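Lettered A, B and C in written order, each chain numbered from 1.
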Amino acid sequence: MHREIIAIKTRKREELVDITAKVRELIRSKDIEKGCLVIFVPHTTAGITVNEGADPTVKEDLLYVLRKLIPHRDSEYKHLEGNSDAHIKASLLGSSLTLLIENGDLILGRWQAIFFAEFDGPRQRRIHFSLY
Amino acid sequence: MHREIIAIKTRKREELVDITAKVRELIRSKDIEKGCLVIFVPHTTAGITVNEGADPTVKEDLLYVLRKLIPHRDSEYKHLEGNSDAHIKASLLGSSLTLLIENGDLILGRWQAIFFAEFDGPRQRRIHFSLY
Amino acid sequence: MHREIIAIKTRKREELVDITAKVRELIRSKDIEKGCLVIFVPHTTAGITVNEGADPTVKEDLLYVLRKLIPHRDSEYKHLEGNSDAHIKASLLGSSLTLLIENGDLILGRWQAIFFAEFDGPRQRRIHFSLY
């Protein structure tokens, strides 16, 4: 079981950062022919998701809808740090993801990319990887 | 580690297809007594979820609420293919799921079924399975 | 591969129950240095999520937003048991979660806690754990 941590710096309050190339490079460096990859985000205002990476408007529309459904400000929020929306979005996308490795590479559909989902940036973030 | 791909054909634009029987059959064919099953959907407008399979109105209500929250058409969408809603719903349900195998069968609650969630059909789709 | 089932009793219709201490205790009892933990909820009106455990207002805001987006009553619901909202919330958070174990303990961010998400309580519930 191989472990790795990648650090990334996000640039905006909300941003989907495509980490697919980094993940593929990581898998190749471990020389695993067939296996699983668990990705874990140790933050409560960020998540991880798989979606279309080819057309950047898809991630814009995803952030737009989440923003519309879960507004940044709401007079009913009780949490005083002003980032309740980010916590909620993180739980909706999830903080853990299991992907498959075959022929030494990630199994991903033609249009799929892996996105680190920042909802309360810009920040320095970390992503854990476990390969087995 | 066993791998399998199942092909399914969806019939509508939005549909929850119960794949529980297919998954149970797959597990039995592999003769695994105790282990884990990872299900991965290699599409960006479809997802995977576990919910009630006994009463078909549950899946209708799930699709209804997602449709109400994330409309098919929205003048603010930037993605030009007209399926932004499908991409967003896919990320909300998720594209990967890990289940448990015990006594050669899936651990599932009495009412639980595994659904392939089609949001931009009808299409020919594929589902990846990894058992270990 | 170690397996364990924990029973919990929820107290309200909707409640996020912090199970982090129970999970940590379970991992220590198994004496696993490095590995993975799969958590599986065998219910269709409850889920599992990771979010902030330090400030209890975060979980209140999460339940508030889900309630606002997915009302308990809606004249369009077809399911007659009056808990369609709970089924939908369960699918949005998910019923399965994979976490990482290192140095005999869970990898969790400073503010992260693991929550069993009850959406149709109070009830007696069960949570499955698999460690490997």
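Throughout what follows, contacts are C-beta pairs under 8 Å (C-beta built on N, C-alpha and C of every residue); 3 or more make two chains touch, one makes a residue touch a chain.
Only a predicted model underlies this, so the values are computations on that prediction, with no experimental measurement involved.
K.L.:
If you connect every pair of chains that touch, what shape comes out? Choose line, ring, star, complete or other.
P.N.:
complete
K.L.:
For the sequence-identical pair subunit B and subunit C, determine the rotation angle of the Cα superposition and round it to the nearest 5 degrees.
P.N.:
120
K.L.:
Where the centres are mean C-alpha positions, what is the separation of subunit A from subunit B, in Å?
P.N.:
Their C-alpha centroids are separated by 20 Å.
K.L.:
Residue numbers in subunit C touching 2 or more other chains?
P.N.:
69, 92, 94, 98
K.L.:
With touch defined as at the start, can you tell me which subunit C residues reach subunit B in the complex?
P.N.:
By the definition above, subunit C touches subunit B via 1, 3, 38, 40-44, 69-70, 74, 76-81, 84, 87-88, 90-92, 94-96, 98, 128, 130, 132.
K.L.:
Give the list of subunit B residues in touch with subunit C in this complex.
P.N.:
Those residues of subunit B that touch subunit C are 34-36, 49-52, 55, 57-58, 60-62, 64-66, 69, 92-94, 97-100, 102, 107-112.
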